[in-house]
Amino acid sequence: MEIPQSIIAQMNQWRRDFHAHPEVGWTEFRTASKIAAYLEEQDIDILLGKEVISENRMGLPSQEQLQKSYERAIKEGADTKYASHFEGGYTGVVATIPGDLPGPTVAFRFDIDALPIFESIEKKHLPLAQGFSSIHDGEMHACGHDGHAAIGLALATILSQNRSSIEGVVKIIFQPAEESVRGAKSMVEAGVVEDVDYFLAMHIGTGVPENTVVCGADGFLATTKIDVEFSGMAAHAGAYPEEGRNALVAAAQAVIAMQGISRSSLGDSRINIGTLHAGSGRNVIADHAKLQLETRGINTVVNTYMYEEVIRITEGIAQMYGVTATHSIVGEANSASSSERLVTLLTEAANKSGIETVIPRENFAAGSEDATYFMEAVQEQGGYASYSVFGTELAAGHHHEAFDFKENVMEQALHVLTSALLTIYQKERE
Amino acid sequence: MEIPQSIIAQMNQWRRDFHAHPEVGWTEFRTASKIAAYLEEQDIDILLGKEVISENRMGLPSQEQLQKSYERAIKEGADTKYASHFEGGYTGVVATIPGDLPGPTVAFRFDIDALPIFESIEKKHLPLAQGFSSIHDGEMHACGHDGHAAIGLALATILSQNRSSIEGVVKIIFQPAEESVRGAKSMVEAGVVEDVDYFLAMHIGTGVPENTVVCGADGFLATTKIDVEFSGMAAHAGAYPEEGRNALVAAAQAVIAMQGISRSSLGDSRINIGTLHAGSGRNVIADHAKLQLETRGINTVVNTYMYEEVIRITEGIAQMYGVTATHSIVGEANSASSSERLVTLLTEAANKSGIETVIPRENFAAGSEDATYFMEAVQEQGGYASYSVFGTELAAGHHHEAFDFKENVMEQALHVLTSALLTIYQKERE
Amino acid sequence: MEIPQSIIAQMNQWRRDFHAHPEVGWTEFRTASKIAAYLEEQDIDILLGKEVISENRMGLPSQEQLQKSYERAIKEGADTKYASHFEGGYTGVVATIPGDLPGPTVAFRFDIDALPIFESIEKKHLPLAQGFSSIHDGEMHACGHDGHAAIGLALATILSQNRSSIEGVVKIIFQPAEESVRGAKSMVEAGVVEDVDYFLAMHIGTGVPENTVVCGADGFLATTKIDVEFSGMAAHAGAYPEEGRNALVAAAQAVIAMQGISRSSLGDSRINIGTLHAGSGRNVIADHAKLQLETRGINTVVNTYMYEEVIRITEGIAQMYGVTATHSIVGEANSASSSERLVTLLTEAANKSGIETVIPRENFAAGSEDATYFMEAVQEQGGYASYSVFGTELAAGHHHEAFDFKENVMEQALHVLTSALLTIYQKERE
Amino acid sequence: MEIPQSIIAQMNQWRRDFHAHPEVGWTEFRTASKIAAYLEEQDIDILLGKEVISENRMGLPSQEQLQKSYERAIKEGADTKYASHFEGGYTGVVATIPGDLPGPTVAFRFDIDALPIFESIEKKHLPLAQGFSSIHDGEMHACGHDGHAAIGLALATILSQNRSSIEGVVKIIFQPAEESVRGAKSMVEAGVVEDVDYFLAMHIGTGVPENTVVCGADGFLATTKIDVEFSGMAAHAGAYPEEGRNALVAAAQAVIAMQGISRSSLGDSRINIGTLHAGSGRNVIADHAKLQLETRGINTVVNTYMYEEVIRITEGIAQMYGVTATHSIVGEANSASSSERLVTLLTEAANKSGIETVIPRENFAAGSEDATYFMEAVQEQGGYASYSVFGTELAAGHHHEAFDFKENVMEQALHVLTSALLTIYQKERE
């Protein structure tokens, strides 16, 4: 498939527009609206909002935050025709492009959310220098999802202009809330990949060098993100210490106990209590404490073991200290491995695309990604799934305030993905 | 001494003005300026700023906060002639009223700071109903120090108008930053009570019933207020957990260890870690944690024992976890007991003042007060010191957003204090 | 009452015989048999075994230990006529001496058990030098109860020989298992003091100087002695760590949590986990842990607070770690205060007895004694109770392997106690 | 090489003799003496005692225990001609059999120590039924080292009778103290394998089925066995709790902190505090605590990380609690992997030996073995090393009181090992 220069130029524009208007998970009202509007302009069928997102969403912001972000999106040009579908945090879009010929259903997935980070204001930071840095204080595209969204739009455009080459159906999935691994599960639950035979997820950067593509990035850890809160009873620490029920001490003891959950012989595990906030004043027995934590495991069995220990500890601590404990899962992802068939196809496609270095598989152990939900779902129904990484030079690491990537990686990705689609068709026919 | 009705009226006005413009410890720029200006108007000698406050001040707010509060004070009518003396957090004033006759030096101490509390906005809250509630968001006179300052001004006025009755010298001390027991030590270090023979501190409320005065409130616990910070090293919790140095876990372990400091057979002790804030993100090994805590003891020996254990634990934890620890004392008070001679004098004076119930001594164990610094200093140089409490009905407990007291208690205090002064002179002459 | 020199000589012999044959709590088979046999020889009525000890006994040794000690006692000359009543650990005796005249019931209580200590083998240790040191490895009268038992026998002898002077009834209570505060409760439950009007307990030594008597020793802390055991599941620590349920870690966490139970504003409290034994091998997840601990409190309310927190923690820990926890109370004593009336009587009697220094009351805070069970029971039924201490020079502190006292203190005690009895009668008649 | 039936019979007898006289690590006085005496009878050169064991020995028993075991060995027939060389715990023997032809130096290693376990007294336990169960209370060959020692003796006998077939030199190493991974390091330090080209270690059982041999058992975890002791200061828990320095609480906190050492991204790690013993009495602040613990790691880097954290924690805890801490390494082993060349040779030899199932390599992850010290030393000097396992049916698992194996596995091992030697020669000549 031809990739016209105009599409490349537009892809870069989209990316910069998204970069300037970053929206964190479940608040991608403007981003999703722009995507939806553009796709309809191209006569591409779309599903959006509740059609592609289930009601059950992990780590949803407060109604107040959702509302505030929604209003900002409208103010910044989101067409209410689309935005209203996303209201309340249903910020997903799925484009469907049926081909002229019969064939498999192939899905490409792009995540579109930003991070709660203040973007760098150093002069040498390119987005600032070139005038497209974030206009939203405390929000930033510091992981490249602005690029992902732009690639997805470009891919949709090209494919819709080449329907005669398409065999079967192509779906382009624009997923919200990948950060903190929240959004994928809701799209899977909404049935988005129920009919999918081939599923391709991708990422740019992540330490892979420029002009390099990893066709099968493996080893994602299964993970659960948990918020735990302890509520006790306040009391004056000097006058009536015995009348308090100390949530701060309970939380400290919980931290220590969770940190000490036994290793598993079944494989790698992780536990991290990332934040702890407790107490209101120095001379008051603390009546409230909140922990944000996560477990990980080489697979779901190990991660579940870790999770269950966390819950057991939480409940035991509550009893020990006469406090109440609540916990909620605010994010979740599985482990996953790319399907051999698809890795082989991608390797072949990447080699044809002229990328210098093509690595069939590499282990990205210790990170987590919720694309794994899609991958697992597709593999379980007999399909093939893969996760690829397109290398590029980074100005600073992912999630850093000075993060930036070289935009030409988007074009490389576009070449490989379109080429992969044709390779899939070719193999299907063999 | 006569107490004209006009003074009572003015005292209530002062109190309401201070109540409407609360300023937390070391930022009492407007309050201290108004006090200074009024005293000079009355031809009363004053010392202010660095003359009465040493450079060493515990729990000083940041320069930025000091500056912001200073500017607000100017905007709200603080005369820069006075305010400039207080700049940077030297917000104390001492009035000196020499009498016509020779005699002892008698000091009265009034604290003038507010609390970091949002004042109630319930309609039934009297300061709101009557239009003098706080105009400063997040600051409130919720402990009665607005009343204390007003009593101090009224007392100075009356005494300056009755110099012929004064034998020796009277000093009226307006102390900043009593909350969190910070200000008194700096005034003692500045020499404010070096020449004082009789020292009288007082408080309104504190659970004592209306029409009741406690002449010698004893049993204050010695206390030290400490901030502890741990700094470690961040790392990705999934990818490189072993590279982090976990300040959150260190802090949790410190909490547990401090909470477990052994009881002392030498008397009551307390430990409270009131707040703990640690970590930046769920998937990052926390590189920072901050604890606000306090120790108490029936006397300095026991409090010092508790304090030293806290420091020992802090340093041991730092070594255990390979993190660095810093700690700073942000408040301190001693235990103290009222001098028998002064309690007897006050009891006599109170009985003469027509207050219904006069309690010579009562134990206020478990609270802390930095007036104890003055008391200890005066007693050590052979003088007499006391702490009295004037009962009143409270709308809600001290430090509560709906705190309020019945203003007539101020008049009662004024009567007892002036009467006490004359009783002191009478006994001195015997 | 006359105290013949022959009784003094015999008292010393008894003491040395008991000292040479020490028996720890609930195994005083020989001691109690000797006491019973001697009393019957003197025609004194006795109750023994289950007549004076309830079935419910705290901290009872194993059946095996009881049996072994019983057999040893028989071998060492205990008459089975008496010993069989004590079998199984019912090792109490109560002598009853009715007087010829009507009057109150007065009880004297003496504890008779030894400690699990190896007696000193240094030549200068007087019991060794004079040939009456313990012949039981690992058992020793290191607290003076050998002396107490001897005083009790002498007192019974004298009183039975002076029935004409006795008004009402005298009871002499020989109590087992005072160490670890176990025995008194069982005697109270058996009804031993149900009819008692005056109750006098005593101790020798305890730091009181020679020729000094404290008539009312107050301030005993209420205490509960608790054993806690955690049972988990063993697993190979290298191969299957996740399959274990770690009782050692559970116990460690329990220790830390119990140590951190909040102070109480209601008064002094204590917690001590004195021993912890856990685990079977270095490379095995520990499946068992045992803690021996105690709580104390200035009164029953505070001690109960501490106890309940311990139980709460124990149960919470069990849940946290998926282990099972059991706990048992193995000792218990109350706080108690001597009755004013009896302290006055004793002071008068002591003054008449020619003892140099007579101290009416002294606070022995921080220790515990189960005589308090008798004291509380008698006071609750309207009677009077006291605890006196007879000073003496000690070779080494109580519970030390070189403990020894000057035997003349026994004669002093005998004088004061007989004198007290007569003083009681005199006051009753007034 | 022919293996005469008489040797098989004798091998079984040796095994049963060793089984009846088990000796734990560093006290194999009788076992080593019998081995030495027999070998000299066969005109085989031996080195023994300090010639093959360095002075530095981990986990050495007390002098008293060594002496007691030594005397028992003499009483049970150990010839003092040999035993005296082993006195003090130098219980190793190395046989050297030079061949008639030139060639490589090949070493076989057999461990000879027993375990501190009481052997089963159930009638169905075969060693009991057949009259060769342990006559040493609390010591038992529950891991098969009795069989290992017997195989070593049989192998030495056969080889010494076939010197014409030997090319180069064969060394048969009889190693003490393999349990708790203590003995190998001392033999390596004594230079026992300095000249070795091929090193073969073996084990029977370990879950491998009967008639099966694993030629290269890989994946041993590096491990360090550590004893930690805390010494504090005792104090009466009721009277002077603040005067104690609590070693029990320090130990509990250390347990919790060690249990919480962060996972490593570099690979599997383990921590286990297997035993904890602390305190002397319920009402005494504990002045002593002892922990027995172990760390493990997928390799030396990870194990060293774990070890260093343990030491850091130990030292920090000492500072926190004002106690002193000491630690000592009482065992150590590396991770190791069998050399491919030797695994191939062994596989070939095993196939020729008629064993049903031959598994070239299997991962025995999570266990530890100090043969790894020999393996690493030989591999580092350019030689080849392997660890094989000969399957057999077990009556109960290793280290269980009812452990027993089918003796025919010893004959199988003998066949494979002699065959392997010839295969080595054959390959060396190619």
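Chains here go by letter, A, B, C and D, matching the order in which they are written, and residues are numbered from 1 within each.
Definition applied: a residue touches a chain if its C-beta (ideal position, glycine included) is under 8 Å from a C-beta of that chain, and two chains touch if they have at least 3 such contacts.
Since we're looking at a predicted model, the values are computed, not measured.
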- Task: Work out which chains are contact partners of both chain A and chain D.
- Result: B, C
- Item | Of B-D and B-C, pair with higher C-beta contact tally | B-D
- Task: For chain B and chain D, let me know how many angstrom lie between their CA-based centres, rounded off.
- Result: 70
- Query: Distance from the CA centroid of chain B to that of chain C, rounded to the nearest Å?
  - Reply: 51
- chain A residues touching 2+ other chains are 239-241, 246, 249, 253, 256-257, 259-260, 262-263, 265, 270, 285, 366
- Considering the complex alone, what residue numbers of chain D touch chain C? 180, 221, 223, 225, 236-241, 246, 248-249, 251-253, 255-256, 259, 270, 272-286, 289, 292-294, 296, 366-368
- Note on the structure: chain A partner, complex, touching residues on chain D are 256-257, 259-260, 262-263, 265, 268-271, 365-366
- Message: Can you tell me which positions in chain B touch chain D when the two form their complex?
- Response: 239-242, 244, 246, 249, 253, 256-257, 260, 262-266, 285, 305, 312-313, 315-322
